[in-house]
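Down below is the structure, laid out as structure tokens.
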Amino acid sequence: MDFTFSDDQLAFHDSVKGFLTNEVTPEAIRDLWQRDGGRSDELWGQLAELGLTAMTVPEQYGGLGLDALDFVLLAQECGYAALPEPLVETVMVAVPLLAGLADEHRQLQEHWLSRVASGEARLAVGHPSNPLVADAHIADLLLLCHGDEIHAVPAQQVQLRASESVDPSRRLFAVDWTPSDATRVAGGESGRRLQAEALDHGALACAAQQLGLANRMIDIAVDYSFERKQFGSAVGSFQAVKHLMANVAVKAEFSRAVLYRAAFAAARGQANAAIAASHAKIVATEAALLAARNGIQVHGAMGYTWEVDLHIFMKRAWALDGAWGTRGFHKARVGDFVFADGAPLGAGATFEAR
Amino acid sequence: MDLAYTEQQDAFRAEVRAWLEQNVPAEPLPSFDTEEGFRLHRDWERKLNEGRFGMVTWPEALGGRGCDLIEWLIFEEEYYRAGAPARVNQNGIFLLGPTLMEYGTEAQKARFLPKMATGEEIWAQGWSEPNAGSDMAAIRSKAVRDGDHYVISGQKTWSTRAVWADWTFGIFRTDPESSRHRGLTFILVPLDAPGVTVRPIPQLDGLPGFAEIFFDEVRVPVENRLGEEGMGWNVAMATAGFERGLMLRSPARFQETARRLVQLYRDNRAAADIDPTVREAVMRAWMDAEAYTLNTYMTASRLIKGGKIGAESSTNKIFWSELDQQMHETALSILGARAELKPHSVGAEGVGRWLDGFLFSQAGPIYAGTNEIQRNIIAERMLGMPRA
Amino acid sequence: MDFTFSDDQLAFHDSVKGFLTNEVTPEAIRDLWQRDGGRSDELWGQLAELGLTAMTVPEQYGGLGLDALDFVLLAQECGYAALPEPLVETVMVAVPLLAGLADEHRQLQEHWLSRVASGEARLAVGHPSNPLVADAHIADLLLLCHGDEIHAVPAQQVQLRASESVDPSRRLFAVDWTPSDATRVAGGESGRRLQAEALDHGALACAAQQLGLANRMIDIAVDYSFERKQFGSAVGSFQAVKHLMANVAVKAEFSRAVLYRAAFAAARGQANAAIAASHAKIVATEAALLAARNGIQVHGAMGYTWEVDLHIFMKRAWALDGAWGTRGFHKARVGDFVFADGAPLGAGATFEAR
Amino acid sequence: MDLAYTEQQDAFRAEVRAWLEQNVPAEPLPSFDTEEGFRLHRDWERKLNEGRFGMVTWPEALGGRGCDLIEWLIFEEEYYRAGAPARVNQNGIFLLGPTLMEYGTEAQKARFLPKMATGEEIWAQGWSEPNAGSDMAAIRSKAVRDGDHYVISGQKTWSTRAVWADWTFGIFRTDPESSRHRGLTFILVPLDAPGVTVRPIPQLDGLPGFAEIFFDEVRVPVENRLGEEGMGWNVAMATAGFERGLMLRSPARFQETARRLVQLYRDNRAAADIDPTVREAVMRAWMDAEAYTLNTYMTASRLIKGGKIGAESSTNKIFWSELDQQMHETALSILGARAELKPHSVGAEGVGRWLDGFLFSQAGPIYAGTNEIQRNIIAERMLGMPRA
């Protein structure tokens, strides 16, 4: 029993955090918002250079062969930075989905995964839990669900209609396409299993980002609480303002271990991985939503503006709330687990046997 | 106690309803925080005034109908029920109007109120300054007497509607030796006066819903002073009381939001009921909107009998702002994955304006004095707890 | 439309408040707790002398012929005082139930109601929403539900087994008795209607007391907030402590009009009386429960003792929470109303037409 | 990261489970806040120690087993799972014990720890004084050095278990010129010493769960001092850290309450589901108990690798105390009209001890530093917000 990250994991986390702090600044994000498509090939190239796009690609396809537990701290940092590029979904959802196809699709996997690892190609995933497909406009290959099937559809074979999210960093599309035998890569039992895993991975990816977002909003609000003066004092010196932030800190703090356990369960393919992912998505989202609400309150009217950076992170938290399963969906899953006959509850039931 | 409307009140309601059915635009107007929307809302104010509905509580001579507060609530109920446009001149008619009625000279009332009722002059509020938000007494903008004029210099901020409005009102420091809430004077300032610069501030949705106003030796005649020189704090407190209290957030608004929320829930029942707390949240929205309505009727009855609004305007502010947030959060949770989509965007069919309303509701606990300040007021003035 | 009490109502309220303040002190309540049975014949006699037991007794039986609207402010004060005597249930539930029986029971009504009015006799009500009967030990006549029937059972014909509530002021009993033709006073449709009305009246009676309790707990905690010192200052000067109380004040304030409307609806027998009573019970109970929770917090460890008076009021609030319909029951009723086809919702739908 | 138990850990769990199954009393003991209950709980401590389970984290020489923190958590899980009696000596073994381990001399450890493990000496804490509750630095009780003794005068309050305990510990002002957290010394005092008077304080349920302790020139030998003279604040802070942190409220306790709550809900489903929020509240109780457990394992792993507990002990305190309240409130709402009934009273069949637990949970947000103070600590020390 050891609930700590390895020195390697922590060191990689530090270096990625450093990169994001320097490169994915609020100014850089505002700049991306102005661009057509809202994405930067240069930035994606840098992420690939750092090895990030290769993390979960199997070694046989030129990747690092790592897993969700190796990436979860980085996903948290991507949330902390509100990185607009779809790195987290790529690494945690799209790559494992493609890599999880049956052996008969080795050629497809080799072709695309090696290019994803090197940064030459990008993936997008269309899943029933999300009515629109995120980042379809920059994807070279789209993995699209259709009934219990999964189809691998090259970008040339889809038409996109752009939607608009409250979060200017999100780029969402309705995808018009025609399923065919040529595009189908999974169906039946294995299609359902892959779709279910994609949902769990997506939920975990959101949870990690939400916790990062919560921490960022705390930091922003705490900084601002020194700047904003009322009644001659920094607002952060008022007890009510302190407690607004302390309440967020408690929620964020008690999401951490839940998130890391969910990443562990996903990485090991444990039986409780789905429930653990749902639990993590619920509590991390709630931490982020409370951070948004209380963050505005600490900022006063300034928190309601486009000018301070807070809204970059708030809007992302609001948007991710509904992605990869709503809180209602995830709560229902946890409830079904808890209230089932013979559910493993109580002291000593937390961890699965080896 | 008699909780039923009189025949006269029923007749008034019928008249309002009939007129609104005839006149409310079929399509919602664009936001009044856009140039076109502002113009269209101003047109609507003119039309309202043609029906003598500009501000029904004012005396007939000033463009109103001399209605009492119960009739005012009836008017508001019909207004929101009809889905009529938001009041672009709310800073004028709901905040400055009642203040003018209480502190204005006859000349000031005659000069300002009719043009307020017609929408000919739209008002922005000028309450806050940098570092004087909830702490309004930290005002630093000054007005120096120069013969028949005040010469105003300084800066206001968070001035709602200021981008396209005609006038603003606020308090300015006329006694340079004074501090805190002494030595302040309440002054009305035309926004087209030389020396006034308005800088729009984009809000969460990107629209310039408020602005900074810079005053560079702006000369305004002494007649624009409301109340005595140095008594601006008292005048402003009365206005702020109106803001937090009865006028600005009439219960009808929240009752209609609750009604729409019930409908949204019923229309999306299968998806919504996956989360059993949603049903309760929707039910509570209705209960709380009812409670707010009942409370407002109770207050209105008391005021008609000569009572005064006290610290309970602070309880109002907290109650409606948290209700508004809660209702919109519930709506978004019903909408689920579609909640993030802007109205009219691809995939957002039928989602309506809940997202806009949610964004707007985020401002509720902040403006008109943050809810933290309101809680201080409740504790110290209503409950008599020890001051810090 | 007039949402104010009459001068008569307010004047009577003032005099009763004065009486309760002087006579039903925390010391007097602690004294009652020590007594066998926990009740005082002297006090009941004084309440009768003030005309309180006669309030809702019809004039033909020597009563004042008043209604729930006339009594609601007094019921609130009984809550404020945590009066252990069952005055509120007597006036708001038991008397209207007995008075509501069909004309054939005039003799029964005359016999008992005139004695209740004068203070010579006391009633208790056994209703399906309450598993036990409150104050059965001092009742001369018990009105007991049995299926859809109501029975009027003299004290001699029942056996009591005493239970024990968290609130030492509550005296609850399991009642063993045998229904017979001789005791049956209502059944079928009219029995059901009377039982339903009793429930609504009971809920309203609880709501009024809960609001009074909430206000009392605020007052006690505010007083204590001057006394208790931490870090050299009265705890009431700390913003977090202020806000604990402000939050209760908001809840209590927004229960008031709801309560008075429910009393009006009950008095006039309006169609919405049941929903109004449920609404009032929910919000007034929540105000009282929050007052208890935050009241303890303001008191610190002292709030957890038997020594300060706070617990007298907290325990009453906790106990009344489950009486005359749980919050779950009342919320479900309101929900059924709100979600019904054609429910009168929205602006202008609040008040019934004349 | 490896979230699975080792074989050795599994074996330890099996040993604990087997012993408890053999030895835990079939019927719950009476409350240790009664004289009889206190005696029976002391007997139980003696029995626990016979199995060498008095305090498994202590070295074998002092009556323990030298377990690490993961094994400690396993022990606790089995302990709560078995429904074993509450630890009457918790002030000793969970608070003073670890402090003695860190600050005590070898002689002190040998003198006090074994008798603590056997229950031969039961400890009361003496943290608070009147007007020094959450503000522990406002201590006024003094200890005057007189040769080889300290002479103690003053008053402590809210001293849990003091009514029947043998010893108490606390900080006393040894430097009369000092103020706040300077000049304090941590001293252990036998409660049967001449000059000690204990006045029981009845708590919400009427039982004397805590007491005031009056010291009238009580002489205790200097050997009873823990740590250096004048360094009492540091020693006390370490102890308080244990109190808020890992030891006092082990996750197993809350996991078992959550499990019982799920069972209560399932047993009363028809009645409970009339309120759709109950299901959610029960589900959340499980989620939060899991989160608390996971968090504790994470902290324990970090401590084993040499980390320190910091301000997060304050987040723990808030989390478990609010969880405990929420679980018991939910239970009472499931019980409905029966919730008010005392266990074993007429009509309360099967209700069990939820009411007692609810009353006890009310103290959670207060003791070991009120949750308001914990929020201040989080804001100032963990988040670095400006001090007032």
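For this structure, a couple of remarks:
Note that the chains are named A, B, C and D in the order they appear, and that numbering of residues resets to 1 at the start of each chain.
Throughout what follows, contacts are C-beta pairs under 8 Å (C-beta built on N, C-alpha and C of every residue); 3 or more make two chains touch, one makes a residue touch a chain.
Note that the structure is a prediction, hence the values are computed from the model and not measured.
Among the pairs A-D and A-B, the greater number of C-beta contacts is found at A-D. The most distant chain from subunit A is C, comparing centres defined as mean Cα coordinates.
Taking each chain's centre as the average of its CA atoms, subunit A and subunit C sit 53 Å apart.
Between subunit A and subunit B, the centres computed from C-alpha atoms are 39 Å apart.
Residue positions 275, 279-280, 372, 375 of subunit B each touch two or more of the other chains.
Residue positions 238-241, 243, 331 of subunit A are each in touch with at least two other chains. By the touch rule above, subunit B contacts subunit D in their complex via residues 275-277, 279-280. Per the touch definition, subunit D reaches subunit C in the complex via residues 128, 131, 133-135, 138, 157-158, 201-204, 206, 210, 271-272, 274-275, 278, 325, 332-333, 335-342, 345-348, 355, 359, 362-363, 365-367, 370-372, 375. Those residues of subunit C lying in contact with subunit A across their complex are 238-240, 243. Chain contact summary for the complex, subunit A toward subunit D: residues 1-6, 69, 218, 222, 225-226, 233-234, 236-239, 241-243, 245-247, 249-250, 253-258, 260-261, 264-265, 279, 282-283, 331, 334-335, 338-339, 343, 345-354. Interface of subunit D with subunit A (complex): residues 1-6, 9, 13, 70, 74, 76-78, 80-81, 251-252, 255-256, 258-259, 262, 265-266, 279-280, 282-283, 286-288, 290-295, 297-298, 300-302, 305, 312, 315, 318-319, 372, 374-376, 378-380, 382-388.
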